[in-house]
Amino acid sequence: MAKVPVQFTLNGSEKAEFIDSGTTLLNALRDKVGDTSPKGGCHQGTCGACSVIIDGELRLSCLTLAETCNGTAITTTSGLAEGGVLQPLQRAFLDTFATQCGFCTPGMIMAAKVLLDHTPNPSRDEVVEALSGNICRCTGYEPIIQAVLTAARANSQNAA
Amino acid sequence: MAIRRGRGVAAINYPTGMNLGGDPTQALVHSTPTGNFMVTLSSVDLGQGMKQIMAQICAETIGVPTDRVVVDTADTDTGPHCMGTFASRGTHRAGNAVIQAAKEARQVMLEVAAEELEVNASDLETDGQGNILVKGAPQKSISIFDVALSAHFKRGRSISGRGMFLIPRSYPEKETGAMKPSTCYAHACTVAEVEVDDETGEVTVLTVKNVFEIGRALNPKMVEQQLVGGSWMGISHALYETTEPYYPNRDHGGTDFNQYLMPGPGDLAETEIIVLERPSADGPYGAKGPGEMCANPQIPAVANAVFDAVGVRIDTLPITPERILRALKAQAAN
Amino acid sequence: MALALQTFATVKDANAALKAQGTRYLGGGTLVVRAANEGDVSVSGLVRSTDPALSAIAVAGGKARIGASVTMAAIARHPGLAILAKAARAVGGPAIRNMATVGGNLFAPAPYGDFAVALLALDATVGTEDGETPIGTFLAGRDRSRAIVTSVSFTLPKTDGFRFLKVSRVKPKGVSVLSIAAVVEQAADGTVSSARIALGCMADRPLRAKAAEKALLGRTLDPDGIAAALTAATEGIAPITDPIASAWYRAEVLPVHLGRLLLS
Amino acid sequence: MELRKNYFADVRKDDLHEVGQPRPRSDSPGHVTGKTAFFADRNFPGMLHLKMVRSPHHHARIRSIDTSEAEKHPGVVKVLTAKDVPHNVYTILILIQIGPEDETVLADGKVRWKGEAVVAVLAETERAAQEAAAKVKVDYEVLPAVFDMEEALKPGAPLVNEYHGRNYYLYDSGECRKVRFGDVEAGFAGADHILEQSYQSSPIEHAPTETTGCVVVPEGNDRFTCYTNTQAMFFTLDNASIILQMPGSKLHFVGGTVGGGFGGKVDVIVEPIAILGAKLTGRPVSFIYSREEEMQISSPRAAEKVVIKDGVMKDGRIIARKVTGYTDAGAYSRHSPYGAQKGAGHYPGPYTIPNVWIDTYCVYTNRTPSSAMRGFGVTIGDFALEVQMDRLARLIGMDPLEFRFINAYRDGDMKAHRQPTEGAALIECMQEASRAANWPVAEKYMAMSSYVKGA
């Protein structure tokens, strides 16, 4: 089976792998690179658990072929905490009890991060829209919405 | 077009634990050499927070802060038998097993402390901060850290305990059905307020006010998680969910999260949760199982609210816009 | 056969590679990668082109040309296409919109393809290496279409002339119960001078509501004026039945939603 | 959330230190950093992927299975059929003596629902397994199928499951679980009004974000480690032991971190066949349901039909209630016989009614086997009961909330299944709901208590 090279930065560090052509980014990250923070909840693009950030844009890694990501910068939830210190967004998920089973959490955090990167003080409707591609079956969404709004408030206080 | 508003109420109860009992759970508790406590189980955390709650129960029983307790669970090479996480049984069954095991461990701990302090074990108490004190003479004390070291290296004692909880199985009497399904019941009452679009049959749930009686809220924030998520699922069951939308016809079953309908983050009802606590006689610190019942009362409450709004009864779940619209058309035809 | 991706700089080379059996064009991946993930073993080769023209948006002289690889997110944020932002945002959640392309949307079976409904109402033309095809003709023949779609082009409607509505069970992101796009122009006296109405989920692909369009001509956009159009809206439709809604329901509420859109 | 401590303060000591405190969850930091290890986050060199060939028919005889082309497909390591499974006919509740064994791990001679597992393919990659699965040839003779519970119970209906020999589960009490309390017919005869109504649901999926699955690793010492998201560790291990005719001591299950369960992960479906694959190949095996399988193949909450007949007095007392419940088990039992009889223990709801008659049936049809889900045996029943309560209240012109107070059970009241009520709190929940929802009821109801009068 023909292997193709892929090279990208993952959470700031260079990665290069040989993969089977046609491998999804999700499988490449999980099985080759060893970053299991993106989750395979559906492999259909309908749950958002595999969400990652590619060059600043939210993407579904289950529908993205790894070889189309050559030269990109990829961010995953496992790369957010620096030196073991949680980012305000992660902290907010803890403080608002926004995680239950935790399976959707990394994808939710990716979706929320992209929102806050572009819109530091989002309205509730903007938060709802930003999370709309991510399924949670445990929480009923409200604690997650509150987590993102809490993180936004923390961001704006830090900025001020 | 008219948006019509209505409200409905429902009240329910729900048994804690496997129906008819007969569902054992065991726990082991032991101290490490420096006085941390390990709870060993084979119970499963589905996201409801089993590990955290068992740590708090163990900590409460032994008399140490929760962060001194580690829960090792769901490894069949180490954990003793648990029937499983279902039927609102996890906290009740495993919690009782942990209490029993922790009490036994605590007793050994106090005995070792008594030897160190040269008093009777019955004269000792824990301060909840990691120390054992002589009742009425708190200046005379020893840390659990030192007690554990002493037990391990000086006195050869195992600060440990075994716990087992079993509700004996009830067998229904064939002709009368006399039986004991459960030893304790949680309760709930929900009032739902909806708007119904009488041209499309679309329902918006405006508010749900849920009152739950759950015995004891062992961790109020985690109870809230369960109850809020459960209330959402109840509304979801009422209005959205099925794998067979044309039951009993098998066609058109959804195969993804686009087709399997559940309320999105833009469909949330304003949700109020109120918790009452009537401790159950056999619950761990009085707790009952809230995990399942919290998703039940919203379904009939929403159904009754839809009737209140537009005067049609939908007796088939889910209460889809199509079912409402068909009923409204039938109502208009009569 | 394992799945393999071939990338070409030009559309021409990609078109040539697509002639091989079992190959499909890879746009945003939301359709073909999903199919492969779900075990559709009929797809063994994926082909894509990185030609920059495919990702270009050109708006000038009241006309727009959108490259086939342009994503829904790119349309939604393009200042010259503000009129279409609502239709572009109707597709998927944020991540899907960063991936789903204009070209792909033309091939999405109902209940998907909401943006194609908008394009049908805009009377767009679909560009391939073989030339331009009216969108209606293109959609009718899309199952046999093999040439890579390179662009869609259309005349931009007046700001208040374009209306779009997507009805979903789940909010804010859910697939369509139905979608409606309408380009309605009114004369100085308020009467309708021209109307194009396109419907989603009223067949397996976007459909023009020609009887309703005709019934709207010369009428005013008020309850009495649109009544005939609403009655005519269901002519010729064959709504889909799926897990979201039945054909019966879709047909029942089409006039209701069309009426609300026209009166909005 | 608000805790209303004023209720039941006399029976509760609020003297706890760790319990009752909103301590942070110990698992949350792992979730927000993506470090929590779910079963599928473990990857092993040489791991094989298992894909199932499934029945395209609702009910069919299998004339023959030809796996020769699939076995030759590049990357395929093993193809399993019924003959490879040591104890192929099983039922999970056999562990608590609820039989008969009625389900096949891999179909043997017959399929009874569309989607039933027939052949398991193990290959180096998911893609190779999918391609090979498409090459398995199964020759079916399609049989008449039955989907409607009432049709299934009629004489002459197609027989769904030969291991039962009839389209319903046979309890020791007969064709249904029964509860008989008082004299229901006398109650109806004396009632001011009779109301009979039927309620229906269709199957509901748990839809956890993490699909059902496991990863099995041979440890090289004749033991197998199974990383799983089962909701019940030993229940699954012990059933796997029976199916594989392998001592339980050879099995090591590791789990307990599950991406949502809701009752959907208590069937023992993926583990036995994956362990068998690992045993026969000596390789790690991953068997993870696709989302499509999770939605349509994994057991849903059963469809139910509930018929309630009530006799009610003008003053609001319900004096007779007859409930007939039907649970659509699909083609196999799994947990459904248990769920159906849980309904019998739950009816007539949290109300004290002197004359009660309950029959609950577990019915077999040619659909995806149903099983446990959050609220098992009760959720749909509560929908039926509480809509019926609303109807009854309106029938006699009474406020629906006040009507419930009149009938609410209280400590000491005898339930239909002949247990005295203990620890009741329905009245207090309704009182608080009355306040919270601004739904006033008469003062006498606000003055009621669940406690035994005078106690």
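In this document, chain identifiers A, B, C and D correspond to the written order of the chains, with residue numbering beginning at 1 in each.
Operating definition for what follows: a contact is a pair of C-beta atoms (placed from the backbone, for glycine too) under 8 Å apart; a residue touches a chain by one contact, two chains touch by 3 or more.
Source: prediction; values computed, not measured.
Relative to the centroid of all protein Cα atoms, the closest per-chain Cα centroid is that of D. Looking at B-C and B-D side by side, the one with more C-beta contacts is B-D.
In terms of their C-alpha centroids, the spacing between subunit B and subunit C amounts to 47 Å.
Per-chain Cα centroids separate subunit B from subunit D by 17 Å. Centre-to-centre spacing of subunit C and subunit D amounts to 42 Å, using the average Cα coordinate of each chain.
Centre-to-centre separation between subunit A and subunit B, using Cα means, comes to 30 Å. Residue positions of subunit C touching 2 or more other chains: 2-3, 36, 38, 172-173. Multi-chain contact residues of subunit D (touching two or more other chains) are listed as 25, 27, 125, 127, 207, 258-260, 262, 290-292. Shared interface positions of subunit A, i.e. residues touching 2 or more other chains, are given as 20, 22, 42-44, 46-47, 97, 100-103, 128-129, 132, 135, 137-138. Because contacts link each chain to all the remaining chains, their graph is best described as complete.
Here subunit B touches subunit C in the complex through residues 1, 199-201, 240, 245-246, 252-254, 258-267, 320-322, 325, going by the rule given at the top. Within the complex, the subunit C residues that touch subunit B are 169-175, 241-246, 248-249, 252-253, 256-257, 260. If you check the complex, the residues on subunit A that touch subunit C are 1-2, 4, 20-22, 24, 43-45, 48, 51, 57-60, 62-65, 67-68, 111, 114-115, 128-130, 132-134.
Residue ranges on subunit D touching subunit B, taken from their complex, read 1-5, 7-8, 11-12, 16-23, 25-27, 58, 96, 114, 147-149, 172-174, 177-181, 197-205, 207, 230-235, 237, 251-263, 265-266, 291-292, 295-296, 300, 303, 338, 341-342, 344-346, 349-350, 358, 365, 367-368, 372, 374-380, 382-387, 389-391, 400-401, 404, 408-409, 416-419, 422-426, 428-430, 432-433, 436-437, 439, 450.
Residues of subunit B touching subunit A in their complex: 46-49, 221-222, 224-225, 228-233, 256-258, 262, 264-266, 268, 271.
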